[in-house]
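To keep things clear, I will list the structure first and then write my remarks on it.
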């Protein structure tokens, strides 16, 4: 598949090709027709419509038969694509099998086919996204393991604080991605909607329940562990919840991307996006190593909250069918699936190729002259000096070292208060990483516990 | 407890007293001190600090000892309340037990106490909210049962469509409230945060894990089924997820409230907010029955999405501690807990006292002259006329009846096409409600399945 | 122009064809090339580059020369479309005029061409939108004039209150549209951005100012009354302000659309969307008159705030070029221009064809049995009864009339307290419209004052 | 005034005392009473009510007379504070002057007094904010002038790019603050609302216009250049526009704050928040210089967009009075005025005391070994080498210098291609600042042009 000519300018920065395809109008159209075919078959199976009619309907549920320009023209008038699509499908069926025509979309309403089609589209887009998150998680697991012993400066409020290991940083990122995957895995997609005009399915008489059950238990709507939902026309919980979990996942990736841009800064230079010919360079500024994927992810993280908020706002849908709120969901859900799927696309590539400069991490730990470890030295001197005295002594030492522009270790060397403490050992960050390994182990263990595919 | 004088103007419209109390600064202060006391005790239990120190610290962790004006003054300088609170607590402990002073907040960082305190506060506010949602759900269950046989016009896009029963409407509302309760019940509150400056707990040496476990398994942080979380300083998944579920719950209540205002319209007049002296009346317009609680809930539904979006946006927190994003969470989470808790407060009262005018519902079904049931008549005539002919006939009948300004039933009466069909029976909406009872049964069954308290 | 095949499903509900074209990638590409050509010419005019080079560059700035698939591929790697476009343009120029190649994009940076191109695109989309708003305003002005004497029930909190005229309602709508047009007219589009890598234009040496002036005063960037802006790479005020004014305009149209859906309700039925074959009907529910354009507008009103908020959030762009925030603007601005332009498209059509049922408005005034005018009767009786007594008497009358199910006028007729008051005149709503005419006159006067085109 | 005890915990981080006071319930109550007194006087002036009644009403419009707990209790029932306040005021007037009681709130509706009161409160809060922005702008003007000759690295996408001067950076910040001040100055506050129940002012008969004019031209509603607005009950343009401009101003300050936190990073260390005892320090990490005010501002910038979006969303207010949307505005506008005013409070203090380390800026320019100026050297060598050759040569030089870990200047020294070019001069950033001075001059000139007080 190639990018449609209309959306070439930004390449795959904001909409990668696979995601674009997964949420395209073509997919939605196919999903709507899949619903109509499956509905007819379910109705035939329980005896509501003739089996022959279902076969004729199925045969006509072919996207190639639908004149898209005509559909577009009539949708503008009708207010939703289901009305003209059903009319066009009915016309096609009538031509093939006049008897069957009246059984098209039998007992259903526009919202049934549209909501169900979005369920199918969301299912496809989400599966794609989950595979990417799985890849990103695997890359993070590898980084966490590989950099267990790579100390770097921890930074709070963008100021260097105590040392951490890059493996622990990766493990923390991994934890959040595992959280996001678990939250997304909770959604039982595709959704199925079937209620008729006002949710009573009155036109189906006593066999309404049987139709719903049948439709819910056959492809494409069968979901392992799913149950046949009763109509939920104006209970938009599942749409909101999916939107929120997508936005949470994007926020999670956005945090990682932001960290990457901060660690890529010229003055920090500890990690880098994977390089490639034509990627992130600047011909006039040859030293630059511009972030690209991280920016795409961060832009997604800025955009997703507004989209999720829109779904929340759209949910106050009036009585038995929303007048505007329901309609606001369609392009919003598409945009959010797109933003999220594409963020995962970039995150996977970014993390799979992340370059780590352990030497620079080590060097940056020294820019404060060892002050990151002052706390540790104070603890070490406490047995001999007493805790309060040790603390005061180190505070004075730090102030003096800063004032004199000397490394703290050098300033301390030889002072009586230090006694026979092993300053070199105390100033080694790699041995002051606390529970970093536990954090890594735990994140790896949770990661490993998840099935390969959610 | 009375409303503080500063927030009297809007009464309990936007912040009910109990919720206001649950998220007040006083509660947060108490929660921060509870954390410090519990931390000291956990550290003493595993031998990191002396047991006597923990006892002294516990004794000083008393909100009455804290000079609030002084705390406020110092917080402005420090950038968060933990720094001055720890300093003030340390000073208090020093006075009581000089040896113990150095063990206050031992190994912890500001974010540990602040995040943990918000976890405690959120736990309290959420429990309060869940009790209200439970009350609202019970009221809805009663309405669904009571109005099983109360037909009313279903309305799609604000136009009358097929009949429904008010019991089914209430059941649909109930389903969404049950969904919201289930989503909120997933959160294992209170959160516990303990990581030290950069999440390594390096200052606690080899006993860091034991301290975390101990702290997580004793009051106030012990949660049934909870596990000792490793530090999550810049993994804000749980904050975002709570915010989203609160916003979804508010949206759910907002949909109900919107329906109520629509059904209360002068021209519809089917349901009414509970009346009370001084409530919703208008002295100059004596016929008015203004919504009050429904407006408060709808205003909450308009406000919550922006707050949830803010939490999502705030989550891209830099490296080992967020520079602004973390700070943006505090007042936002408070506002969202407030908005959501208060919406539940009003929803419970609204639904417990909802007045239903079944006669008016019946009367409104007739304003279209029976056209809501044209579909049913067409089905009924199909065996004799053939389906296509029956449908065409009814369409003509509807057009003519509208043009002549006559009820459809009257227009049809005596027509040859009608034959011996029982028009009176066909135009009875109460017998054309499809799966309404199933919807009610299912909603009641799910409601009953939930434990009395989540 | 036809709708691209990728976006057929929703017809013109959410993106009308003209707006889609105005913000398409094709337009952006053309705008980027227009910038490069104009830049070269401005630089040639002030002697920074040879005139011949500018001619060669201009000749190559032809969208047909750009391989869109290749541009897409390279944009994904480069992080923005300017880097590959400049490279491709340079290659094309090199082939035609090797000397000229080094003068392509001379002294400029990616953000210069991208921001300027968005300025051109926004200018086109906004002009289109303004023409539509002008049409909507003209339609409202006609409605306001035509329905000066059409009384209807005023409704507060969705309850009938005092009478208004439909002309005044239209005038109030008109005022808000005039406000929106005025706010949008303040923006001096197209924007021009020229600053070089960090906003110093250092590569242009002493002639930098002259280049900016020249570029700002020639097509396509010349704006009447505009001034040559200095670089504004990370001062996003103009982007935010445009986004906000677009969202305000959409909210304004959304309020009108919401009113229309409320007035179209089956039980109210006072105004209707223009009808057309295939529009808004329901074959199974022949009495239905579904809103279509109003729903499209309302969905826009639900979506725009999140998009405007995203632009506000994106504005905290780091130092000399934003890392993610800038990138988040592109698709967001496109979506917002699309949502707003399309809302104006539907609003114009909706208002130009709005159907008003004055008789139904009159009939609805009577559903309260005259209680809307109780206040007026009380005022009228005050001279004889005293104000306080008159008020109390009317309150009792209303209560009793409601209780007895009689119209208020009938209940009052013959009561001693009424004396010789002309009840028929007092209960005539058309003579109790207060300043309605003034409101209409003022709105029409403001509307007329505006030039035909902003 | 001191902070109320309920909001002590966060000190003035998110709500400074003056702003808190400006938007407090006490101010709103006073504003509502000011409206009622002014209304009575305007009505008396044009003969609608007796002058004596207006005097009595004025005398009772005293906040001390209002029992706040009782007001709170009744507001909860009534749905807005105007209904009980008018009732309580009427009772007070009745006691003092029974004749006057019926003239309280004469012809007005709840929305009149509430909207007008918010206009007064917004006017006060905005004046306070503008004074702070003026202070911030003055501080920026001083920084721009003082640091005209302070070169620093320009950074795009967080990578060092061409040099800039810190004066130019401050000038760019200043421009955006000037923009924000100008936008806020456009609002003609306080708003006045007077329309009666449905906007017709029917109860005032023929003198309605005169009352409005009089009320609009006397304190507290007289605005220089303002005009007597006709009722705008459900045209919320002015509320939305104010909200948007507040959010734009906050975003502007947020960008500055973000830059400050980036420039304060341990590895950059070029500017610092003003220091003060107890501010931003860390006892365990003595080298840290934590941002405080910048974080408060950034948290405001994260919160404001959601609040502005809420005002936009709330604006679709139904027919003649909004059912929920209007109510959603109150606390949202308060929060937004608070967030914005407090951001300005911190920004002023931050900028007035900003510490600039010019030496470190100079040192950071060297971390790339001079590569920031490679472009300049290429331009300088073009006359001798030819442009293309010069460019290629420099690209090779950069690559080699990086590979060999040598400064670019050192690598170039003595190469034949360099000839007699003055490398030292070419590598001096202070002479490669392009239009930086023009940018500064322009920003200072626009700043100076503005009146001292908007």
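Letters A, B, C and D mark the chains in the order given here, with residues in each chain numbered from 1 onward.
As a working rule, a residue touches a chain if its C-beta (ideal position, glycine included) is under 8 Å from a C-beta of that chain, and two chains touch if they have at least 3 such contacts.
What you see is a predicted model; the values in this text were computed from it and never measured.
**Q** Going by the touch criterion at the top, tell me which pair is linked by more C-beta contacts: A-C or B-C.
**A** Most contacts of the two pairs: A-C.
**Q** Same interface as B-D shows up in which of C-D, A-D or A-C, over half of contact pairs matched?
**A** Overlap exceeds half of the contact pairs only for A-C.
**Q** How many Å are there between the centre of chain B and the centre of chain C, using C-alpha atoms for each centre?
**A** About 33 Å, centre to centre.
**Q** Measure off the straight-line distance from the CA centroid of chain A to the CA centroid of chain B, and report it in whole Å.
**A** Computed from C-alpha means, the inter-chain centre distance equals 25 Å.
**Q** Chain B: which residues touch two or more other chains?
**A** 155-158, 161-162, 197, 257-258, 261-262, 284-285, 290-291, 295, 298, 301-302, 305-306, 309-310, 313, 323, 375
**Q** Sort out for me which residues of chain B touch chain D in the complex.
**A** Those residues of chain B that touch chain D are 2-14, 24-26, 28-29, 68-69, 71-81, 84, 197, 257-258, 261, 276-280, 284-285, 290-292, 294-303, 305-307, 309-310, 313-314, 323-325, 327-328, 330-332, 335.
**Q** So in the complex, the part of chain B that touches chain A is made up of which residues?
**A** That would be residues 102, 109, 154-158, 161-164, 168-169, 172, 175-176, 179-180, 183, 196-205, 208-209, 230-232, 234-237, 240-241, 244-245, 247-248, 251-252, 254-255, 257-259, 262-263, 298, 301-302, 304-306, 308-310, 312-313, 315-323, 375-376, 379, 387-388, 391, 432-436, 438-439, 442 of chain B.
**Q** Touching residues of chain B toward chain C in the complex: what are they?
**A** Within the complex, chain B touches chain C at residues 153, 155-162, 261-262, 264-268, 282-291, 295, 306, 309, 313, 364, 367-368, 371-372, 374-375, 395, 398-399, 402.
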